[in-house]
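The first chain written gets the first letter, and so on, giving A, B, C, D and E; residue counts start at 1 in each chain.
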Amino acid sequence: MHSSPNGPVTETRLEDLSEFITQKQTTIWIDVVDPTPDEIARIGKEFHFHPLSLEDVARGDQRPKVDQYDDYQFIVFYGLTIAADHCQSREVDIFLGKHYMVTFHKSDLPIIAQVAERWRTNAVELGNHGVGFLLHSLLDALVDEYFPVLDDIAERSEDLEEAIILAEQPILQAEILRIRRELLLIRRVAGPERDVLNVLIRRDPPLFGSKEIVYFQDVYDHLLRVTDTVDIYRDMLSSVLDANLSMVSYTLNVVVKRLTSASIILMSISIVAGIYGMNFVFMPELDWRWGYPFALGLMVLIAAAEVAIFRRVDWL
Amino acid sequence: MHSSPNGPVTETRLEDLSEFITQKQTTIWIDVVDPTPDEIARIGKEFHFHPLSLEDVARGDQRPKVDQYDDYQFIVFYGLTIAADHCQSREVDIFLGKHYMVTFHKSDLPIIAQVAERWRTNAVELGNHGVGFLLHSLLDALVDEYFPVLDDIAERSEDLEEAIILAEQPILQAEILRIRRELLLIRRVAGPERDVLNVLIRRDPPLFGSKEIVYFQDVYDHLLRVTDTVDIYRDMLSSVLDANLSMVSYTLNVVVKRLTSASIILMSISIVAGIYGMNFVFMPELDWRWGYPFALGLMVLIAAAEVAIFRRVDWL
Amino acid sequence: MHSSPNGPVTETRLEDLSEFITQKQTTIWIDVVDPTPDEIARIGKEFHFHPLSLEDVARGDQRPKVDQYDDYQFIVFYGLTIAADHCQSREVDIFLGKHYMVTFHKSDLPIIAQVAERWRTNAVELGNHGVGFLLHSLLDALVDEYFPVLDDIAERSEDLEEAIILAEQPILQAEILRIRRELLLIRRVAGPERDVLNVLIRRDPPLFGSKEIVYFQDVYDHLLRVTDTVDIYRDMLSSVLDANLSMVSYTLNVVVKRLTSASIILMSISIVAGIYGMNFVFMPELDWRWGYPFALGLMVLIAAAEVAIFRRVDWL
Amino acid sequence: MHSSPNGPVTETRLEDLSEFITQKQTTIWIDVVDPTPDEIARIGKEFHFHPLSLEDVARGDQRPKVDQYDDYQFIVFYGLTIAADHCQSREVDIFLGKHYMVTFHKSDLPIIAQVAERWRTNAVELGNHGVGFLLHSLLDALVDEYFPVLDDIAERSEDLEEAIILAEQPILQAEILRIRRELLLIRRVAGPERDVLNVLIRRDPPLFGSKEIVYFQDVYDHLLRVTDTVDIYRDMLSSVLDANLSMVSYTLNVVVKRLTSASIILMSISIVAGIYGMNFVFMPELDWRWGYPFALGLMVLIAAAEVAIFRRVDWL
Amino acid sequence: MHSSPNGPVTETRLEDLSEFITQKQTTIWIDVVDPTPDEIARIGKEFHFHPLSLEDVARGDQRPKVDQYDDYQFIVFYGLTIAADHCQSREVDIFLGKHYMVTFHKSDLPIIAQVAERWRTNAVELGNHGVGFLLHSLLDALVDEYFPVLDDIAERSEDLEEAIILAEQPILQAEILRIRRELLLIRRVAGPERDVLNVLIRRDPPLFGSKEIVYFQDVYDHLLRVTDTVDIYRDMLSSVLDANLSMVSYTLNVVVKRLTSASIILMSISIVAGIYGMNFVFMPELDWRWGYPFALGLMVLIAAAEVAIFRRVDWL
């Protein structure tokens, strides 16, 4: 738990909270990591948060949104973490009052600790700025985390495209579905988050001064870029899916042509053997001195002719 | 039939209805389960409901909507029930006056009885709140029922994805269509219900006080999450359908390659047999002491060579 | 031709028209069935209709719309008729003045005659209502006709789904295209008709009193339900199309696996016969007493082994 | 070049232009066919047209639009011509002043000559109407040309659908792509043209009197019908594409089933022959008097049995 | 680095910058090619640019946008360059003050040098126009570069369509994906750039005089044409993809029919040989004088009959 009373950010115990809140003239950030239901209730009671917003924090899995209450905003935002080999979204619940910001989140969002660290080390310089700059530094850091994830997806998409032209298949299927799932995940949080920033920027009467709104506009632009990029990759991915299907069908074409051509050649050879295996009494070739080599030669000749023909019509 | 005259909710007979309605200062909830046309007409007459809204109740299968009448709102909403192995939507018709709420619905919506039960047990505490809180508690309960259905769909979708990568097929087809149908069902009610809540929140002049509107905003957020989620699953499902088709085509590829490769090997063996079945007088091998084993060996050799080649080009 | 001068609706001759129109205090409905160009022109002249709207009536095949003229509205609406085995849309052109409604349509819309009949029998009761109620009763009847058509489509869609899981095919193709065509037909009329009703309801200054607008709102809700339903079926139908393609591919898979497996078994048997058909001098089996049964047994054995293997890998 | 100084339209030389323009009280239409850059420049200079609009005329291939200048509107519109067997769009550039209309276009738009002819013959009657009616008669004629093109596409689409059910293929592919291309062409001009008319109708302050706006509303309705119809055909065409693919796959199914069934029957016959071609010393059938007919009969029997089986499972 | 102090544009050193800026009455264009972080910082400091916009310049890869600051606009725009065989987008960052324009970009945008050259040679004539004309000449030149790229894509799309009807395949797949990628690239820049121009045109209070706004409207129209065209090609391309898949499936159909027909003919011949290879003691044909030619003739006859049959049902 960190706070910034114009001075350095410090770790505080829950019991000393009320003391900070009474110091109305300073900006306080209380960051609650892995909150228990009891902690949520106690902090909520301290700050007089609305039961509905506390219920949202306790339940989790909310849609990104900004709810306007009488003396604070309740903002739901998401960060992304790359766990194992796929990304996951992590909820951050933000209560933003006139002079304080209270955040609740799980411990697996290291980026928030970094923001707190940066805020703590630059406390003197940053302390003069209001709660708006504090919120900006948090949202900006969260949104900036989206870009490496998108870059990772871009790289994997390009690998997919190359793999498709080489027609390697069954691994692809699972990979396409996984990328699609991640894109949907990002889209699901980035879309409503854009609306959140739109509210922060355009709310009338304004929530922040024009100096701060420029900064939120910047985060908004970043989110626009995120959703644009996600849409592009989704579009590209569906092309890739189509190309994949087309490629698989084409490969089948080639294989069928090759294998069936081979069958026909073998069958032709078989027929020659079959003919000279007939038991007619009068079959002049059978008595020839070179009948056997002649038959073998005939087989080779027919096979060679067919290979040549199939090559020409591009079936082999 | 339940009512809450600031005191506990009680079951009442239709005949005693007029008595309650005259007590204008209290909040009454009349819940009509499995109404007959006659009951609808009688209650409608008692409350002076418009013939059009009574007709909607009698006919059923209405679109979620809120119709504004002079002294009441007519709201059509839906609950979901999971019957057998697929979910179904159940209509709830709500008449909301200044001091009363009248609801009509079929008996297979146990959630409404639960809401009534909760309202009844907390009557003293809740009675002070107006009809807006009563409506909220009903809508909130109905919408909360959507999430377990969505979770169930999520689980089945993930099963589908795994099954596709394992390429089990004909059961899938029916399952995909069934999930799609359920998603469309939820979409069809959740979409217009969002509009209903938008009207309840934003109607000018406001229908409820700002204290109540915060609660309706919460239901609205839940409905947004429902429609978001449905859209995500629909998108995911169409990817799954594409992946399925692609997988089926690929499997065909593999099978065709394997089986035709096998044919070619068998044909090659057959040719050897065919050759030594020819009746030429001069065929040195036929007279060899080890001619027969030689022929068999030749067959094995050719087969082995072909197996090796097909293995190398990944056709077997 | 019917009219309702507060008294009963009567059939009138074109010549007596002017007489009715001068009675400005009563509501007149003139219904022209299968109009000739001459009749259109004469009635148009009598009522001073704008040449553009008369041209629209004469030409037919207009988009549903409402055109505002100085002293009347020109409304284009559509009814559906189920002819043979597919539905068709039938245009109804409506001129709506302060005290009259003039409608033009082909004779194959029996529903309009029914509305007229109902209006005629209830003339005393309905006569007091203005021209708005007259228009509503017509539009409501036309829109109500859409639902049985949609129910019919729903039934056929469900038949299609079942048929697909049973993989019966070529009849489906034509049926899918036919249902799609009908859905597009309904979409094409219901979409703009929604706009027509929106204009009738929201036009400023209002066209009708608030008492009548409630009724038009009801028709509007019905049209919303129609377009919602059409969209759902279109979505479902495209899933069915995808499922169909996937099913066909899968069936191909199964067939190819079965038939090629059978080929391989037959070829294996053939090889045994080929081997013992070779003419080697030294082939011990040929001289065995039980050589022939041995060979036949070998064939059966190999075939049985292969059947077992193919069964195990699910290829037969 | 035609003009209508309230009197008949006449062909004039470029030199006499200034003379007409000074007669401010009459309506002039100057129609420039196949203009050279020099002619564009000279007329532009005479009328004080903005360099940007003159550049658009010279370059051609503009998007349908209406640009508002100080004392004239610059309108880009398109007509359709059916050249050879596919339709093409032809640009018409219109400068519309208070008392004049100047149009630039290529010579292959015979419809404009017809409009001019009609205007010329009815000059006395039409001359009293302002420049708005002149513009309307031109736009109306251009838009009316779209319908025969759409009817032609409708006919070809229906031919396609029938052809698909009969499963004739490679000609279709090219035809589908061609129809699609034409629909896109019409969509590309009709969509923005709708916006053009919207501007002409709704511009505030109004460009034309209410009497003229009714006529532009009519053209607007026609364009709505065009875009509606194009969307319907595009939707239908994509169904046709899907149906086509499905049909091709199904045909493959049938063919594979038939041909492979035939192979299996032939292989079975071959095995009988193979067995009696074995060289075992002790093979009783070989010495039978009726062994040979027995073998042939056996072949026929097996083949017949297989045909019957395959017929039953619908594989032949 | 170029500037236009009403007099000719000149190349200046960074040190002399402040001198120019103080001459407030002239229009200055400072074009910074391949800026180093240090140069960006120094110029930014000189002009008092906001840190956020300087950060955007330094980072690059921004979304096209216009950010309004107190005394300047920050505009991100893109030019296209055709490198190797595919097009790439190149960012141009523009700071637009009352009397100056500062641009930052990489060196591979030759078009900017051309604009500067044109501005320099016509400095006297153009110098009287304000900074709006300067901006227009830059944006116009950048957008005009899009059209040759689109023409190139059009050409390649048409080649693709023809190639598909000829059914050449694997090169296509990669080419379709590449064109799609380029279309997405253009769409990604042209869409937001349209919004940029919309802001430049419609911002209230207006950024430029009405004389300049006409020119920006022109660039806006061009961007509309770009996005329209991109949408058309994307639509066309997806038809091409569908047609491709359908064509591949159809080709497979034809190939399977041909090759399997050939197999059946060869098998039939093989059966005749098999029959006369049987070792029955009593086979009259074997002793016939012309038995062998008879057998060969029978083979030819059967093959010919099958060829005829397969030809008739269009399988060969």
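The rule is short, and it goes like this: a contact is a pair of C-beta atoms (placed from the backbone, for glycine too) under 8 Å apart; a residue touches a chain by one contact, two chains touch by 3 or more.
Just so we're clear, the structure is a prediction, and the values are computed from it rather than from any experiment.
> Show which chains lie in contact with chain C and also with chain E.
Touching chain C and chain E alike, sorted by label: D.
> Return the chains shared as contacts by chain A and chain D, ordered by label.
Joint contacts, listed by label: E.
> When chain B touches chain C, do the two copies use mostly the same residue numbers, with over half shared, or different ones?
different
> Counting only Cα atoms for the centres, state how far chain D is from chain E in Å.
25
> Taking each chain's centre as the mean of its CA atoms, how far is chain B from chain D in angstrom?
Roughly 40 Å, centre to centre.
> Which residues does chain D have that touch at least 2 chains other than itself?
Each of 245, 249, 252, 256, 260, 263, 267, 270, 274, 277-279, 283 in chain D touches at least two other chains.
> Considering the complex alone, what residue numbers of chain C touch chain D?
Touch residues, chain C against chain D: 50, 52, 56, 62-63, 65, 67, 69, 169-170, 173-174, 176-177, 180-181, 184, 188, 192, 238, 241, 244-245, 248-249, 251-252, 255-256, 259-260, 262-263, 266-267, 269-270, 273-274, 276-279, 283, 285-292, 295-296, 299.
> Which part of chain E faces chain D closely enough to touch in the complex?
161, 164-165, 214-215, 217-218, 221, 224-225, 228, 232, 235-236, 239-240, 242-243, 245-247, 249-250, 252-253, 256-257, 260-261, 263-264, 267-268, 270-271, 274-275, 277-284, 315
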